[in-house]
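Some notes on the structure that comes next.
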Amino acid sequence: MILAHLTWPEIEALDRNIPVLIPTGAIEQHGAHLPLITDTLVVTRVAEAVEKALPGDVLVTPTIWHGASHHHLPFAGTLSAAMGTYQTTLTDVVEAMVGHGFHKFLVVNGHGGNIDPNKVALRALKAAKPNLFLAHATYIDFWPQALLDECLTGRIKGIRHACEAETSLMMHLAPELVRADKLRDDGLEPDGGFLGVIANFDEVTENGSFGEATRGTAATGQKLFDSAVAGATEWVRQARAGVSFVSL
Amino acid sequence: MILAHLTWPEIEALDRNIPVLIPTGAIEQHGAHLPLITDTLVVTRVAEAVEKALPGDVLVTPTIWHGASHHHLPFAGTLSAAMGTYQTTLTDVVEAMVGHGFHKFLVVNGHGGNIDPNKVALRALKAAKPNLFLAHATYIDFWPQALLDECLTGRIKGIRHACEAETSLMMHLAPELVRADKLRDDGLEPDGGFLGVIANFDEVTENGSFGEATRGTAATGQKLFDSAVAGATEWVRQARAGVSFVSL
Amino acid sequence: MILAHLTWPEIEALDRNIPVLIPTGAIEQHGAHLPLITDTLVVTRVAEAVEKALPGDVLVTPTIWHGASHHHLPFAGTLSAAMGTYQTTLTDVVEAMVGHGFHKFLVVNGHGGNIDPNKVALRALKAAKPNLFLAHATYIDFWPQALLDECLTGRIKGIRHACEAETSLMMHLAPELVRADKLRDDGLEPDGGFLGVIANFDEVTENGSFGEATRGTAATGQKLFDSAVAGATEWVRQARAGVSFVSL
Amino acid sequence: MILAHLTWPEIEALDRNIPVLIPTGAIEQHGAHLPLITDTLVVTRVAEAVEKALPGDVLVTPTIWHGASHHHLPFAGTLSAAMGTYQTTLTDVVEAMVGHGFHKFLVVNGHGGNIDPNKVALRALKAAKPNLFLAHATYIDFWPQALLDECLTGRIKGIRHACEAETSLMMHLAPELVRADKLRDDGLEPDGGFLGVIANFDEVTENGSFGEATRGTAATGQKLFDSAVAGATEWVRQARAGVSFVSL
Amino acid sequence: MILAHLTWPEIEALDRNIPVLIPTGAIEQHGAHLPLITDTLVVTRVAEAVEKALPGDVLVTPTIWHGASHHHLPFAGTLSAAMGTYQTTLTDVVEAMVGHGFHKFLVVNGHGGNIDPNKVALRALKAAKPNLFLAHATYIDFWPQALLDECLTGRIKGIRHACEAETSLMMHLAPELVRADKLRDDGLEPDGGFLGVIANFDEVTENGSFGEATRGTAATGQKLFDSAVAGATEWVRQARAGVSFVSL
Amino acid sequence: MILAHLTWPEIEALDRNIPVLIPTGAIEQHGAHLPLITDTLVVTRVAEAVEKALPGDVLVTPTIWHGASHHHLPFAGTLSAAMGTYQTTLTDVVEAMVGHGFHKFLVVNGHGGNIDPNKVALRALKAAKPNLFLAHATYIDFWPQALLDECLTGRIKGIRHACEAETSLMMHLAPELVRADKLRDDGLEPDGGFLGVIANFDEVTENGSFGEATRGTAATGQKLFDSAVAGATEWVRQARAGVSFVSL
């Protein structure tokens, strides 16, 4: 169910054990070939596909598109929520639904920069309301490494930024928004670097992308998308069914 | 231009005198006949229509759908940003764009509950950065009273909540989301009441709507929508051209 | 009753259905002819007159003189509470009295800049404590338009800033504080301007005033004052009696 | 000069070496014999007297009556600013005047509970703006011990709460507000108690007062008042003249 | 008992009437002869000695070393908590222990700059949780004036900063950290100065110390330390036993 | 160099390219066999060992022991900083040192719960001050997997909580604080569980530990400690030398 498309009496009638799925994205630069909406678009499509797979067993909120992207602010057009703003946004959404009686919340995330504040916000919520069931995952967490090894044709067997994986996803989901003539590999220094460094993106890439975008294909995008949807669907299904145990 | 569909170099290349148009909505109950997305949907459509009318002369951000709706929280499904959350969200969007060099900001609003915090947030921004050009309007501000008198067939010649006007707009813009069998007039006490009272919606209406929804028609919706778009377009056009004077 | 003049056992003994009346003003520039205290002085006098009319049926707190006047800070001497400071001040006053068992609160306001944060603060209070009865009005809300049309002799049939109406009120209430030799009309551009613009006062007037001050008379001031007092008194009386219904 | 009675051009014309004097009080219970306004009234009168003594050499703001009195909230009618509210109020007043070019600020305080937050707020201001000259004193700091020993006729040779000293001050300054029939000695345990304890007032006195109120006289009040005014006047005079050195 | 050295089941088993002793220090400049750790080291040693004297009757937390020292920031190496940070740190420690069932809290302080925010934080805690027993004292509060008059050989019969008293304490407790070749008297203007001034330390001393450091001896340090420990031990013992009355 | 043991002129004389090393720990339950100080003790020892290896090339601050441990608050004695408190503490330390001219900051962490707020705080700092060099690592990040595979004798080849690895470290560093008779394996469900769940520790373990504590030995502890020190030393050395490039 798409929360925003329902009326209040329809939501009032729902089983409160249904998980609330909250997609989180960003509006941030993705190089010269992908639009600012990339993260928001992909995660919204993932959430919509999950909802289609489990129509009566999940309640999907609108996507929080105002992500934590200060490290991308040196590139024009990037909108970014301050850490506090991002966290209170997520918290307010959860608390409103808690007020309506729901208690299972799954944050499906489409932007790497949101992972840290998602954790901090959810941990603070858990401390205040220990009976809530709270979990979060970025869609890439659902990809088996074997799939990445198989799909991705370059040196980098994972996701970076506006890279082969993201470019492929956008070619599959929104080809009209991909600037094919601007595809460019970037940020391809040898692996490594300084452990745990906190860097802004203009320190690591000149044009904002980071990876082997030129290798992207719609076919790869479809495989990656389908895998993310399958994983997220199973994740939601488990939460709906009731979780047998938790582990850290 | 739709900001989220652009790439950062495309935005980098823009004239900074282009106004940034920020739509603000809500996800809140609209009775038993309109979906939670109503305010967000209408204002987003207005902003998109303005953009189509002035394609190179306005930059439209995503809609801030997380509105200030605590007075609707007694009705299930309503999401609501706390006053502080709502304001920092708007402020962060403006400040990111200020960082990118833009200085004209127009907030086009689709939810009555956002008017107060829009003013407070924009006034604080103005105090901190006096050189910004900041303005806000709710789309209903663009309706001439004559139009309302002509279009609206009931006793109430204006907008209330999930009323004739809003129902008509939704019948025009998204008829598939209107529950035609649930249309109901409500909240029709005689005019008046206590001056300046701060009320929650469950104090003034039993089923969440407030007005003569049964009178809504798609034709009325089209007239109202077109009028709002025309007014908003002219407003943006003036800001783009340069304002000759301001007045309070 | 004047709260500050009572002792705690006297307040302890009161009926908790008595409304608490909280005047809100400002210390801000009013051109070269009116003192900074103008808004605070007028609203305090209104509140005192209401108290005299309903001595046992209202409890008047001291005036919150630290108003939200950042838009006047370009003019020397203006003190201004940041939006957050203003709101927490009002909120703390209400919450203290809630702690003492009172539940009806009426904010009578004397400064236009306080309207927005009054609404935001009271709405947040209402969301947190839905059983409170909260209302606010600026004293000008009590003036019938007919009175303004009759009293005011210039082109502007309402209140602006240090204008005919405010100058008249001060000539009536505190003539010793009016600099008669400095009266000046200002800000008299043709009506209109940019819809919803957020402006600082130095953008709209050179000397801080805005209106036809030279037309002010004590006689007009008396009529306006008496009308505001009569309206505010009736407003408080209704709240004391119990309100039959609320309306938005 | 009384800031609130001036116009902005008059303040604009002032020498910026003039100290700004900010009185701070409270609206809090003072037993059954003194009104809630006690602290605010006394400190306001002190500030006004200083102003009369040094008319062109000091600029007196309105009294911050919203003091930090949470320890008195168990007694009805007490209004109290939360610690944060109190501090931002003081800070906003100073910062507004800093924006107008003033740099010497003297806080004259009339409420014991304000001492701690005055220090915290002023220290934070000093850390942020090291060039400001900031000082604070409670009016009792200006009393020589010899005067107290001479004036006060009971066992307690200093100030407590609604005690001989405060009762005397009110008998001198506002006898119409003293409930002579309610005078009562209270809180007269032997000296001592637990070092540094943080207590609410309902833990230490049954009726809210603390001291030998029955010994108060208007004559004593006059001596104490005159001494406070003399001390405060000299303090302001030194700040106006320029301070030769500071010491901690 | 040293809280940090215990396990949770050992703490779970404790009598909740045991006072929790929270030492508060600073990491701030102490002239050229004493290390930054001075305040933290002395107060930690005091707390440890109290614990040795009352091993089963007190629970000592780690020392909050992040003191409020902004007035020392002009001198290199000083770390300082903002006023808000300092207060929430103390508050969080108390609240965690309240959650574990403890209700008596004694803050033993080693840094003058912490006194104000200790009071503000503890008063806010007391307002929120009136049943807590909260007290604070700086270790110098335990010194009888007679001892100071006897021990201290210079003109100043009390504590200032990196002075005879502090230097003596460090010579006794940590002689290896005293730079004997850098001992210097400083800040020795005649007593007095401007009442209640808020000064940064670079305004009152050139090299950061303030007092007659050259007079310090380990023997004096031992006397002062033993006196502080004896006083603090008795203070804790009283709190453990139950306090007969509180006084302000 | 140990910052707290230096004087301000000694720090003033330092090369500002020296990295500042900030250890972060916690005071939180570690089962029935390890004391609350565990995380703080281990990371402090690591930092001290790094300092001994690079005495003139690193400046070590005191350990921030007030960690983010709300998920352990169900177990007695745990102290925990709220997320905001923890972050402002770290931020204030960095900003003080930035004020003193330092610009390289390395956070060496000893508590898993600090990782998220470390990232959020450092990212916000980086956004505000892009020229800072900021990095963080938990000491376990320096362990090669091969070492863990070799050292750890149980099923779990990594760190959990009060587990084989932590127990070994404490047996090596502070055997007197290990309750040998309370060693117990716990939390040994099969791997897996719900992806990304946010759990409190009382949901996953009955006695607070999580792992195979009974397998711990001092010899293993020494190997793990030496490895962490070696890795952290090399990390600091690189930062001191200047980093050739950063990577995400």
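The first chain written gets the first letter, and so on, giving A, B, C, D, E and F; residue counts start at 1 in each chain.
The criterion applied here is as follows: contacts are C-beta pairs under 8 Å (C-beta built on N, C-alpha and C of every residue); 3 or more make two chains touch, one makes a residue touch a chain.
Just so you know, these numbers come straight off a predicted model, no measurement behind them.
K.L.:
According to the touch definition, list the chains common to the neighbour sets of subunit D and subunit E.
P.N.:
Where subunit D and subunit E might share a partner, there is none at all.
K.L.:
Hop distance check: subunit C to subunit E, minimum number of steps through touching chains?
P.N.:
Minimal hop count between subunit C and subunit E: 2.
K.L.:
Please report how many Å separate the Cα centroid of subunit A from that of subunit E, as a whole number.
P.N.:
Distance between chain centres, rounded to whole Å: 49 Å.
K.L.:
Any idea how many Å lie between the Cα centroids of subunit E and subunit F?
P.N.:
28
K.L.:
Residues of subunit C touching 2+ other chains?
P.N.:
Touching at least two other chains: 73, 82.
K.L.:
Name the chains in ring order, counting from subunit C in the direction that reaches subunit D next.
P.N.:
Listed around the ring from subunit C, going to subunit D first: C, D, E, F, A, B.
K.L.:
Under the definition above, what is the set of subunit C residues touching subunit B in their complex?
P.N.:
So the residues of subunit C in touch with subunit B come to 68, 70-71, 73-74, 82-83, 107, 113, 116-117, 119-120, 122-127, 130, 133-137, 141, 160-161, 189, 191-200, 203-204, 210, 235, 238-239, 243, 245-248.
K.L.:
Help me check something: in the complex, which residues belonging to subunit A touch subunit B?
P.N.:
Within the complex, subunit A contacts subunit B at residues 3-12, 27, 29-37, 40, 61-62, 64-66, 73, 75-82, 84-85, 88-89, 92-93, 96-97, 99-101, 177, 179, 182, 207-208.
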